[in-house]
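In the two complexes below, chain A is the common chain; its partner is chain B in one and chain C in the other.
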Partner chain A sequence: MTNTDIIRDSEVRRQIWKGAIPLLINISSHEITSLQTPYPFYVMIPRQSYLPTLGESVRNHFVDYVSTFNKSDLWFECQGEVLKWNLPVGVLFDVHNTSHNLPWSITVHFNAFPTDKIYKCLSESDVIWTYLNTLKEAMYLQYNNVNSIMMLSKNDQTKLWEAIKDNKLNDYDETKEQFKADGTLKLHPIRIVYELNKEVKNELVPLSDEEVKAETLGSFLQKVKPNRDVERTNVVVQGIKPSLETPLDWLIDACSHPDQFLYICLTNVINLN
Partner chain B sequence: MQQEEPNNTTEEPADDSSSKQDKVVILFKAVGSTPLLKKTKAKINTNSPFREVIGFIRKQLKMKNDQSLFLYCNQAFCPNPDELVGDLYKTFGSDKMLVISYCNTAAWG
Partner chain C sequence: MISLDHFEKSCRDFVSNQDVQLQGWKFCVVDGGGVYLNVVKRCDTRVEVNVKECEELEFEEHDPSAVAVSNTSVIEFDFHIAYHKIFKVPFLLLRATVDGIQLGQQDIIQHLSEGKDDWLPKELNHYTFLTQGEHPVLGTIYFYLHPCQTAELITTVTDRDFERIDYVAVWLSFFGRAVGLHVPMSSISNKKI
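Coming up: the complex of A and B.
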């Protein structure tokens, strides 16, 4: 690779981090107990961020229109499907919003929490904890060791989280220097996310460094999901439909999420087995 | 090429002899002052989300909803409830089983 290529790669990453999704949030009509219907809530959310970061403002917007109100019972849904808050918003958008309509219209609920599908997120510290554990899982795959995350100071953890919430790539990279592990990289953290039978599946498909260097996106998918309908299935990474010729290691460098995972979203999936 | 593709369902859990292969043995280890389980091993379906493992331990230990429980994979991280047991086993398992430590406090962050 030449120098210009490398510069361009970091530019791609910068562009991806600038990505945000306009959301239109409505409350489910049968949960409204006031005479007036509330206005929808509009907000921009960074692709790398997580839905529970909106909890407080969404709650404040709709609080006067619902009667039963349990702070922890807030959850989001898109066309009848529960949105899993542990996944980055950009991944949820790529998997659920296959029509690419903007703003992305989702529904908030304050009742009937789907305990069989997701866990309650009681506060922002729950989502931070979940994020840090996903990051630890990634580090464990990469270096078999999570000490560098365990050693991260409270200040650095906060800085890291704020960077994700507020789209601050420089702050993220600075903190990342703090938890950079030594040693040879063992496995690259990769996930394949798709919706099948009204449920979003999130498969872990790590790959060794050697294999990553040898594969393209297409050859990798051929290996792990050989029975996918190639004509029909769309492959989306960070909101982009990359060429299947894209080298996998380039994709990992430029398009991984802040939890270090590369999320490859498959849409229009009928059957994968 | 599409037409050649038979509707391959061999990876689906079968109802007969192959069903044994679709389960994972999980070995549970208590950490700190966490009460011990009567049975330290369990067989869980590869297609089950990790949520079921959490539910299993909670039930075995008769834990109330407000009691905290942390499950660690290889003493390193807490798998997400969404993660498939089969995926965890394939990646982090050893000696034909997946080792999960359980603790009533955050032992490893």
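Coming up: the complex of A and C.
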């Protein structure tokens, strides 16, 4: 690979980090207890961020229109499906918004929290810890060791989190230097995200470095999902429809999320008989 | 670290022990793959978190015929042991309900640590103790003790080949203590440690 290629690759990563999703948030109509109907809430959220970071402002926007008000009972839904906030917003968008309409219209609920399907999120620290735990899982797959994350100072944890929330790639990369592990990389953390029976599945498919270097996106999917028609399935990574010829290692370098996982989203999945 | 096969075998060995069965442990197999161990513990407690009786969590079998006294409630702890695909070790998942209502992280920790002054550090960061996560077999949300350093810990207590020890029993003798689960001595054969 030449120098220009490397520069171009880091530029792809930079562009991906700039990605944000326009959201239109409505409240479920049967939860409104006031005579007036609230205006929808509009916001831009970075692809790498997480839905509960909006909790406070969404709550403030709708507070006067609902009666019961439990802090932890706020949750989001899209066309009847619960949004699993532990996944980055960009991944949720890629797998749920199959019509590609913008802004992405979702609904907020303050009642009937689906305890079985998603984690409660009482405060932003719940999101930070969920993120750090996913990062730990990725590091463990990569190096069989999570000590570098455990040793990360409170300041660095905050800096890391702020970087994700506010789209600051440079800050993220600087902090990443602090928890870089030694040793050879064992497995690449890859997840395939798809919808099955109205529920989003998030399947772990770690791959060794050798395998990653040998595979393209298409050959990899063919291998792990042999009963799927990969050619006709919609494959989306970080909001982009990459060519199935894309080398998998390039995709990992350029398109992994800040939790170090590469999320490959499949929609309109066609099953072969 | 152990393999999924070894985990499954170790679970079967564990529940084959009579004392373990008496504690209420069950081996569960789910259609379409996936195994886990499960035990449900119940204890009566006063509503105002007076859990003196269950601070050691040496539960008595709940007697359904017993009439509930107005100022007591039943806490039900639902413990599971499943296999963590990433860390390749068993991990302990739990839920607690009082009169059918699920308890949050803080409440669970409070119930578990009540009366145990030296049990948890004063400045406990509750996140490092209990984490929320998806049950790997059932897909529903549970609290769990984070398994990221389990493999390291087990290595410090035995240098034997993991395939040859009663892994689940040995592991639970460490991790169960934190939530009041005690492992019957008979389930661990000395010669195997």
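Basically, the second predicted complex is superposed on the first by the 267 of 273 C-alpha atoms of A that agree within 3 Å, B and C clash if a C-alpha of one lies under 4 Å from a C-alpha of the other, contacts with A are read in each partner's own complex, and residues count from 1 in each chain.
The definition used in the following text is that a residue touches a chain if its C-beta (ideal position, glycine included) is under 8 Å from a C-beta of that chain, and two chains touch if they have at least 3 such contacts.
This one's a predicted model, so the numbers in the text were calculated from it and none came from an experiment.
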Overlay on chain A: chain C relative to chain B, clash or fit: clash
First (chain B), second (chain C), both or neither touched by A:204: both
Contacts of A:112 with chain B and chain C, given as first, second, both or neither: neither
First, second, both or neither for A:133, with chain B first and chain C second: both
Which of chain B and chain C A:102 touches, first, second, both or neither: neither
Partner chain in contact with A:185 - chain B first, chain C second, else both or neither: neither
Partner chain in contact with A:146 - chain B first, chain C second, else both or neither: both
Chain touching more of chain A, residue-wise (chain B, chain C): B
Touching partner for A:227 - first (chain B), second (chain C), both, neither: first
Those residues of chain A which chain B touches in one complex and chain C touches in the other: 118-119, 130, 133, 136-137, 140-141, 146, 150, 204, 206
Residue numbers on chain A that touch chain B, as the complex places them: 84, 86, 118-119, 130, 132-134, 136-137, 140-141, 145-146, 149-150, 187, 201-206, 227, 229-231, 271, 273
Contact set on chain B toward chain A in their complex: 1-2, 5, 7-12, 51, 73-74, 76-84, 87-88, 90-92, 108-109
Complex contacts: residues of chain A adjacent to chain C: 72, 115-120, 122, 125-126, 129-130, 133, 136-137, 140-141, 146, 150, 204, 206
Complex interface listing, chain C residues touching chain A: 85-87, 102, 104, 127, 131-133, 140-141, 146, 148-149
